[in-house]
Structure formats: structure tokens, C-alpha cells
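Each of the next two complexes has chain A plus one more chain, namely chain B in the first and chain C in the second.
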Partner chain A sequence: MAPNWPPPPAAIDRKRIIMSISIKSLTKRFGGFAAVDGIDLDIANGELMALLGPSGSGKTTLLRMIGGLDFADEGTLLIEGEEATVTAPHARRVGFVFQHYALFRHMTVFENVAFGLRVARRKPKLAEAAIKQKVMDLLELVQLAPLAGRYPNQLSGGQRQRVALARALATEPRVLLLDEPFGALDAKVRKELRRWLRDIHKGMGVTTVFVTHDQEEALELADRVAILNKGRIEQVGTPAEVYDRPASAFVCDFLGGGTRLDCQVEGGAALIGNARVPIVNAAPAGGKAIAYIRAHDIELADGGPDILQARVRLVQPVGPQLRLDLDFNGQVVEAVLDRDSTQTAPVPGQLVGLRLRQANVYAG
Partner chain B sequence: MTGRSFFSVFPRRDRSIIPGFGLTLGITLFYLTIIVLIPLAALALRPMDLGFSGFVAAVTQPRVLAALKLSFTTAFFAAAINAVFGLAVAWMLVRYEFPGKKVVDAIVDLPFALPTAVAGIALTALYAPNGWIGQYLDPLGIKVAFTPLGIVVALTFIGLPFVVRTVQPVLEELDTELEEAAACLGATRLETFIRVIFPVIMPALMTGFAMALARAVGEYGSVIFIAGNMPMVSEITPLLIVIKLEQFDYAGAAAIGVAMLLISFIMLLVINLLQRWSRRWAGM
Partner chain C sequence: MSGPVTQNRAGRPALAEPLWVKALVMLLALGFLGFFILLPLAGVFTEALRRGLSTYWEALVEPDAFAAIKLTLLVAVIAVPANMVFGIAAAWAITKHKFPGKSLLLTLIDLPFSVSPVISGLVYVLLFGAHGLAGPWLRDHGIQIVFAVPGLVLATMFVTFPFVARELIPLMQAQGSDEEEAAITLGASGWQTFRRVTLPNIRWGLLYGVLLCNARAMGEFGAVSVVSGHIRGETNTMPLHVEILYNEYNFVAAFAVASMLAILALVTLLAKSLLEWRHGAELAATTRRH
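After this line comes the complex of A and B, so read on.
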């Protein structure tokens, strides 16, 4: 590809680095409702950042403010150290990829990608040969060069999304922003595109922020994940950090927290029924609390200490897994077993013993 | 016997789950035949009395040629004016919220509802040299009523709803993300309109233009009041047909009618082809 993009930083030196995006107490209200409520976030140069949250959490509004499509009521936004709170989108030099692609359907794939190179504001003006070279390089990168003469209507969803990405990259943005980039695609294409986006990001090292409501997507793709809820950031960290040490009940629940059970904290362990379950996070010192037990942290056990009795309600083989719905004192407990290692699969109605390996516990 | 023999006219693979093909096809053919085809056939057969040379002689009379030229040029200008200002009205109705928007929206349809003769009388009263508007235009040397300009005014009035109502839904469906995408890529507002929005609404605009044009070519009621109806100057073709009928020259009237029909058909065909070209991106 063109040599204009900086190579990816081999080792991120957190002290020396210029923040690519620096957000200070950014707030955006629609009517009386704060869609984004005082968010602070720093995104390092070359980082691949995910904004993860349920719908209405403010993640898309935050992305649109970074892109200059919405403007903050309060707070500041710096892009590469330059004030960008209220500047126009083109002045920020960001590339934006929309959820529904927003391709110009009356233009060919080539003309779509060339659009940003032909606009009057573009300085210096590129010669036609240079535009052609650049567009074909980008189409080569997104593996769509043979389809340059097609119209968007003639492409599949995944191909359209790649055109949208090539179009956004054509103007050599300092920051690439993607709004639910894979939301409208089917599972297989989504998986391919994820891998492919990560490769492109690695190759170019352009700072990238993407919005998603799919926790698996965020954890798989991002260098760091910011989890949003009701316009605020609940936690920022690497995928491993946020998954292993969820800072709040919301984060734990959103990242596949599993079953929620009432418990009693006693001597550094959670007491559920008669079973003592090890706590992995910084839990409240004592008293009533809520325990989250992930489905794969539950195993069947015939006997021994700290066993809960539960009745099997539903057994569902899903690929290599066996998913169980269990009834424990009227509460539904979800468990996932390995199909290969389960000698005899439990049947509905059967009474089984459960061992809970660990729990995340939060004040109730 | 099974249902298969009943449907055997249609090969199996062509059968569709969408119901009513046979029924609607039958209705369509019957309806078009009695409403459109038979009257048009009668019209085309009528000038046969004249023979081909008689037909040519009837439609190439200087008065007929002048009327045809006047009808089509005024209709063209009126449709063109409506294309520009109708687009502006549709844009405003779709893009902005303002008090009285519903009223404005309703006013657009008034030319549909009003008997066109009433519109003609009202416009004549306004634009006559002593009328509300005419009295200010007259000293400037601009004469509207009783001239071809008056015809354009009347045809513009009756053609307004067509462009607005065809462009409006397309503008409503236009994704604002397209404009945001263009803005992110550095396009100015004007560039965004010319290169992103206009090509998408162009086919609808041409449909509206064609409908306004077709309507204007056939318009009679409003025009005869404001036109002055001077032969060779401001006499429109439909009026000339009526005059021929009043003189019991049925074949001559039908000959002019056929000439109008042919010209209209060719114009609509050309517009249709242009429209298809402007939508070439929509096909598969």
C-alpha cells in the first residue's frame, strides 16, 4: 500500500505517545436526555478501540461526535492534539464507515472510492492517473479490483461494506471510525470481515474506533474495549481485563455474566445455598450480594463438598457444546458442558449435583 | 384430476406464490381496451376518410402547425418551470419543519381540485392589463394575459402538483447518511447536492416533468380564458380541434388529434429512455 501510513508501533510506549483522540467530559443531550454524559476517554495512536454497549448506551452518538456528525454540548475533543470539538468533519480528517454502508448507488465502485479524491476541497489536486492508481490500489487491498465497474446494487453486503471501507481510507484519514460495521451481515461473512479488518488495521496502523453491541466482536477484534451504559463509560481495558475482571455488575452481565444468583458473602467466599464458591473480583466485604456465574464455570459433580442440587429442565446440543437449563430453587441456571467429555448426557427431569468453580460478586 | 392440469397453461416453474396474476391480467387488458385502446383506435381510423395525402394536408396547414408548435413549446416551458420550482417546494416540504407546513402541503394539490376553467378565469383577472398583477407588468411592457406567456402561466399552474408529488417521496427516502458520508469525504454542500442527491432524484424529477408536460399539452379549460385565442399567435391545438368540430370537420379534427398523439408519444418515449439511462445504476 501507499507508504503514507505510519507503520504500526511495535511496542506502545504509553508515556511518549501522542494521544490520537483525547476526550474530556464530553456531553450530548437530546431534549432533556443525556445520550452521552460526561465521558472521558483517551485513544492511543494506532490503537484499535471498541465502543461496546447496548442500544441507547450512547456509543454511536460518541462515535458521531468524534467524526463531526454530531456536536458536543459540553466537554472537549482533541484529535492528534488539535482542538476538534466543533470543527467540520472534513477538517478533522476522519474516515467514517456507516452501518448501512451509505454508498452512492448511482456511482460505480470505482467512482465511490474516488469521490473523496475528486472533491473541490481536496488539496493538492490529484491528476486523473494518480486517482486511478490510488483507487485501484485500495480496491486491490479490499480485494474488489475486478468489480471496479459494478454498481453497489450488484454487490453482496460484505462487498459493499468493503467498498465503504476503501472509500473511507481513500482520503488517508488520521482516524477511522466504524459504526456497527458488521451489524447487517450474516454470521459467516461477519467472521471473515472481522479477521480481514484486523489485518488491514495491522498493515496500516491507522487509529480505529468501532461501535458494536456484540461483545464477542469487541473482545475478538479490539486492542481495548470501552463498555458504555446510559451515556457513561463503565470500564475501559483490554479484552482480557474486562472479561476477567468486570468492574461492575453491568459489565459482568453484558460480557456474558451467565446466571445471576443471590448470595451471602462470608470470609472471602460467596455462600450460595450450602455451597461456598470462590470469588474472583474485589467483592463487598460481607452481607447480601449478587453473584454472577458464567455458564462454563459450572460443572456436574456426583459428590463432595460445596455441591448444589438442581433439576435438569432442558438439554440442548449446540455444535461441540451441550447447553443445559437447570432449575435451582426456582431460579434458572445456565450451564455449558463439553459434549466430548460428558460421558452420559443428563436428561430432563434428572436431579444433578453442580459445582460452581468461581463467581463475580457485586453488592446487591 | 389435480390442480396441475388447471394451471397447465403456465409452466410449473413460472408459477408464483403472489396471487391474482390471471385475474389482474384479465382486468388490465379489458380495462385498457375499453378505456384507452378502442377510443384511440377510433381516433386513428377517423382521418382515414381523408386518405394519407389528405391527412398530411390537414395537419400541415399553417394554422395547425402554428397551434401544434405553440401547444408543445408552452407545455415544455411550463413543465420545465415546474421541474425547477416544484423541486424547491418538495425539498422544503421534506427537509424543514415550519408552522403551516400542512397547509402548504395541501395548497400544492389545489390545482388538481380546482375546475381548470375557474383557474383560467382567476389567472386572467390577475394578469389582465388592469388586473392585480397585470397593472404593474403592463407599464414594463410585459403582457401576460392574451399572449403565449399567459398560456405558460396557466399551464404552470395546472402542472405544479405533478413534480412535487413525484419528487417528494424520493426525497423522503433519501438517506441522510449519504450526505454525511459526502461531508466526511470533504464535499461541500453544493457538491453534495449536485453529485450525490440530484442524480438519485433525477429519475423522479423526469417522471414529474413528463406528467406535467403531458397534462399541459392536453389542457384546455384554463388556457382558453387567458390565451386570447388569436389564430397563429395564441391558439392552442385542443382549441383548434374544438373549432374544427364546431364546423363539422370531424376528419380534420381527428387528423390534428392523431398528430398530437404521435408527437406526445414520441416525446414521452424519449423521456422514458432518458429516464432509464439516468437509472442505469439501479438494474442488476
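After this line comes the complex of A and C, so read on.
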């Protein structure tokens, strides 16, 4: 999949504005429940931003407010410096890709993509030939030109997703918003489309915000990730920043925090059992705390200092990995070993020594 | 015995029934259809044509009969479009919006189905009749509703108003409002969204609802009978006229008018089939689910 990119649309050559989207203490309540609770977020021009969180964290509501499908109760929203908090959706010039695509089922692929051009309120209206040219260019871009005459339900999930994207791009939006763009697709198609979306984003440079509950997807695709929990933002940063330095126990847990163990902080290290484990984050100064140890930060060790004794409960080879469930003082510890470099695989019931390379520690 | 068995193994699909079962089921269905639908229909036409075509024709163009046919069509032409607009509006309001009293509206829509048509007619007599609530006021202003065309239209609209809404509500509920939201983000106005997205999505349901509504509007007897006053040539619709003729032992004329009603119904069905046939490919493409 390496299409020839058309020249970026005129939308990107407009005068330089640093912030594409600027959100200040945005709040949205449904009944008494605050779905989005005072969120601040700035998204730079041309950025690919992920809103990551579990269901009910407010990420979709936030996206819908940016798109003008829901309106905030409090706070402000600027799009390219213009006040847009209560602006009607059509005046925002945003493209929205829905979770289930929401393609117009009674229109062909061509007519779906042409829709935004046909209903445009600009004068004079785009000529039919210009519409045709533009739609076919976009269908070329999403590699669906041969299927222009099909109806949505004659397409596969991945094809529908691409039609939805072409339709959203047709109006040359200032911001592209995607709600769980890969949620309804199978694993292989999802992976292909991810790479493809990143390429499109690179080619067109349009500011893009997408919602996902899949941490891997967010980390792989986005320039920056905002992690949401209960209507608030827990952390914003590059994928490396949020993964390496999770700002809270929630972020650490959500980004594959691994095993959660009680510990005692002493002299800059976490004391788990009798083992001292280096702390990577800004941990509390002392006292009881919770340590998160990622599965690949655990190795088997025969002897030496700072070793924990654990009993093997389950050994599972998964592809190139060996996944272990271990019992440490009644707590389940998950470890992942490289299958090739493990000479003798442990067996269930065996007592093994564990070395924990590092831990993220948070106040309990 | 081994022949059929090997044939079975050779490749009869699991769902295929033996021939005798197929024949029995088809016979049952066709027999039922013939006895309860085709036979009465044929009966209507044979009775109507018993004295030949010219008598049949005379019965139809007889001034009172002709007036009844015109009146029935007039009532349908007013009541059906009105209920189409109301049905779309109600279905739209109920399925795309949240508002207080929504479930009450949903229940009220069903009221004409659950109330006896006679009562539906009586309500209008009580409201607009000479001794009714609005009776004196209407009389002073020289407006006649009951025992006149407006009363017939009102009663017919009341009886037929659930058809379109009832057909559309489940359909629009199943479709949700995703496509409307997509249209709005693409820059469509409310009217454009309705005309280009909502309406095309519901058109087959709407057509079906309108046809049912029309069939009932032309065939309604009970409610119309109460408000009509049975003035020959003025307030008699076709079903009422059929009854009068029948009670006067004028069987040929009664069946002739009845056959006209049946023809109107058949034309409606034919129009529906024709539309389905002409748009068959598109219909298949846009309604099939995965």
C-alpha cells in the first residue's frame, strides 16, 4: 500500500496557526453525571492525537464536542483560534469518521463521497465535472476507484472505513476526527489500515484526533496521546513519554502496567519482600506504596541479591514468547520470557528466583 | 430403498424437505389463499357482472354511485397526505429526539387502533354535532362538519393516522441517527439532511405505510358511518353506499360498487409491486443486512 499522494489540499497552506484546537476547562454533563469534567487540551496544527481511555472515560463525548455533535455546558473550544464552542457543525469545517462509518446506505460509494460537496453552502456551487474529478481523486487515494458504483453493504468493513475517510476528507476539513476508527475490524485489516491512516495523515498533514480504547493502537499511531479517566485527562505526552513515565497509577495500569504488588519505599527503592527494586518514576518519598512491574521487566535468576522466590503456576508458549503465571506470597505475578534465550523452560510447581528490573511506584 | 438414501447422502442440502412435504405445505398455503381471498374476490366480480357488462356500467355511473366514488377518492386524497406528513413528523420526533411526554405520544398514536371505529366517529359527533361542544359556535358561523365532508375527512384521518407512524417508528429506530449526524458534519442543513438522507432511507417503509393508510381510508366503514348521516349522493362513501344498496336488495349495484373498491385496492397493490420491481436492484442493495 504505497499510493501516490496528491498534493496537499489548500487547507494546509493557510496562514500558520500554532494551535489547531485549543480546549479550556470543557465540561459536559448528562443528567447529573459529568461525562467530560473540566478538560484542558491543546492540539497543534498537523498533529495526530489519540484520545485513549476505557469506555465511559469521556473520550467520545470530547470528540463529539470538537465535531459539534454535542455542545459543552462549560468551558471554551477554539478551532484555529476561532471561537467554536457553540458553532454549528457545518460551520466548523471538521471531518468526522464514525465508529460504524455511518455511510449513507442508499447512496453509492461515489455519491457518499460527493455528499459534502453537493450540500456545500458556498456560492457558486461546484460544477458537476469538478465534483466528479475531486471524488475520483479521493477514491483513487483510498484505492476504491473501481468500486465507485457499489453500495455500502456490498463492501467489506475495511473498504467501508476507507469510504468514510474519503467522505470526511472531501470537504477539506481543518480537523479530522475519528471515533474508534478500527474498532469494528478484524486484527489483520486493522493493522493494515493503521499504517495506511498514518500515511494519509503524513501526506495531507491535516490535524487529526482519534478516539481509541486500544493502548497499542494509540501508542503506535499517534504523535501524542491523551489518557482519559472519568472525564478528566490523566496525562498527555508522546507515546514514549506516557509509556516510560506514567504520571499516575491509572495510566500505568492502562498502558499495560503489568503486575501490581504492595511495596515499601525506602531510600529511593521499592522494597518488595526482601528485594530492593529500582524505581523509574517520581515515587512517594517513603512508606507503603503500590509497585507496578511490567511483565518483560521480570527475569528468572538463580542466585544473587534482591531475588524473590515464586512458584510457577502456568507456563504458556505464545509465539516467540513464554508467558508465565507465578505465585508470589499468594499474589499472581505475570512474566514474559524470550523463548529462544530461555534454555530450560520452568515447569508448573517449580520454585524459581525472580529479579525485578524496575518498577513504577505510586502512593497506595 | 437404497436409492433415495444414497441420493440423500449424495448432496441434498440439510434444509431440503421431501417432495411430499413441499407439496403439502404449498397446497395448504395456496388452498387457504384461494378459499379466503381469491374465492370472495371472484365472488364479488361474478355477482357484479351477473346481469352483464352494461348493467354493471350503469350501476357505476348512476349519479349516487358516482358521487360515492368521487367522495371516497376526495376523502382519501385529503386524509392520506395529511397522515403521511403527520406520520413522518411523529416518527421523526420519537426516534431522533428526546423530549418529555415521548412515551405518551407513542401510546396515543396507537389509540385509533385500540378504540372501536364507531366511538371514533361518535367523538366527532359529540364535539362538532348540533348538540355538541362546538355545535352552537359552528352553527352561528355556518360551518357544517358532522354529516358533511369535513366530518368524513376528520373521522377517516383519525382512524388511519397510526399506519404511517407505526410503519416508520421501528424502521427509524433500527437505523439510528448516525447517518443524519454524518450529513450534518458534512455541512448539510436540517432540511437537506431530511431530504437527502432520512427520507430516502425510509421511503420503502413510508410507501408501505401510505398504501396501508390509503386502503383503510377508502375502505373505512364504522367511523365514517357515524358522522356521515347517509345522505345519498352527498355524504355516502363507497362502503356506505354498498351497504345501502345491499339493504335495498339491489345486489348487482351493491356488488358493482364493491368491485370498484376491490379494483382500487388491486391497483394500489399493483403500483407497489411495480415500484418494487423497477427499483428491485437498488432495494436489494440498500436493505440487505450483514
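In this section, the second predicted complex is superposed on the first by the 343 of 364 C-alpha atoms of A that agree within 3 Å, B and C clash if a C-alpha of one lies under 4 Å from a C-alpha of the other, contacts with A are read in each partner's own complex, and residues count from 1 in each chain.
Following the convention adopted for this analysis, contacts are C-beta pairs under 8 Å (C-beta built on N, C-alpha and C of every residue); 3 or more make two chains touch, one makes a residue touch a chain.
As the structure is a prediction and not an experimental result, all values here were calculated from the model.
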{"item": "Joint occupancy of chain A by chain B and chain C, clash or fit", "value": "clash"}
{"item": "Chain B versus chain C as contact partner of A:G273, first or second or both or neither", "value": "neither"}
{"item": "Contacts of A:G58 with chain B and chain C, given as first, second, both or neither", "value": "neither"}
{"item": "Chain B versus chain C as contact partner of A:F98, first or second or both or neither", "value": "both"}
{"item": "Chain B versus chain C as contact partner of A:P89, first or second or both or neither", "value": "both"}
{"item": "On chain A, positions contacted by chain B and by chain C", "value": "67-69, 89-90, 94-96, 98, 100, 102, 104-107, 115-116, 119-121, 151, 153-154, 167-168, 170-171"}
{"item": "Interface residues, chain A side, partner chain B - complex", "value": "67-69, 88-90, 94-96, 98, 100, 102, 104-108, 115-116, 119-122, 151-154, 167-168, 170-171"}
{"item": "Partner chain C, residues of chain A touching it in the complex", "value": "67-69, 89-90, 94-96, 98, 100, 102-107, 115-116, 119-121, 151, 153-154, 167-168, 170-171"}
{"item": "Parts of chain B lying in touch with chain A, wherever the complex brings them together", "value": "175, 177-178, 180-188, 191, 195-196, 199-200, 281-284"}
{"item": "Chain C - residues contacting chain A, complex", "value": "178-179, 181-189, 192, 196-197, 200-201, 282, 285-286, 288-290"}
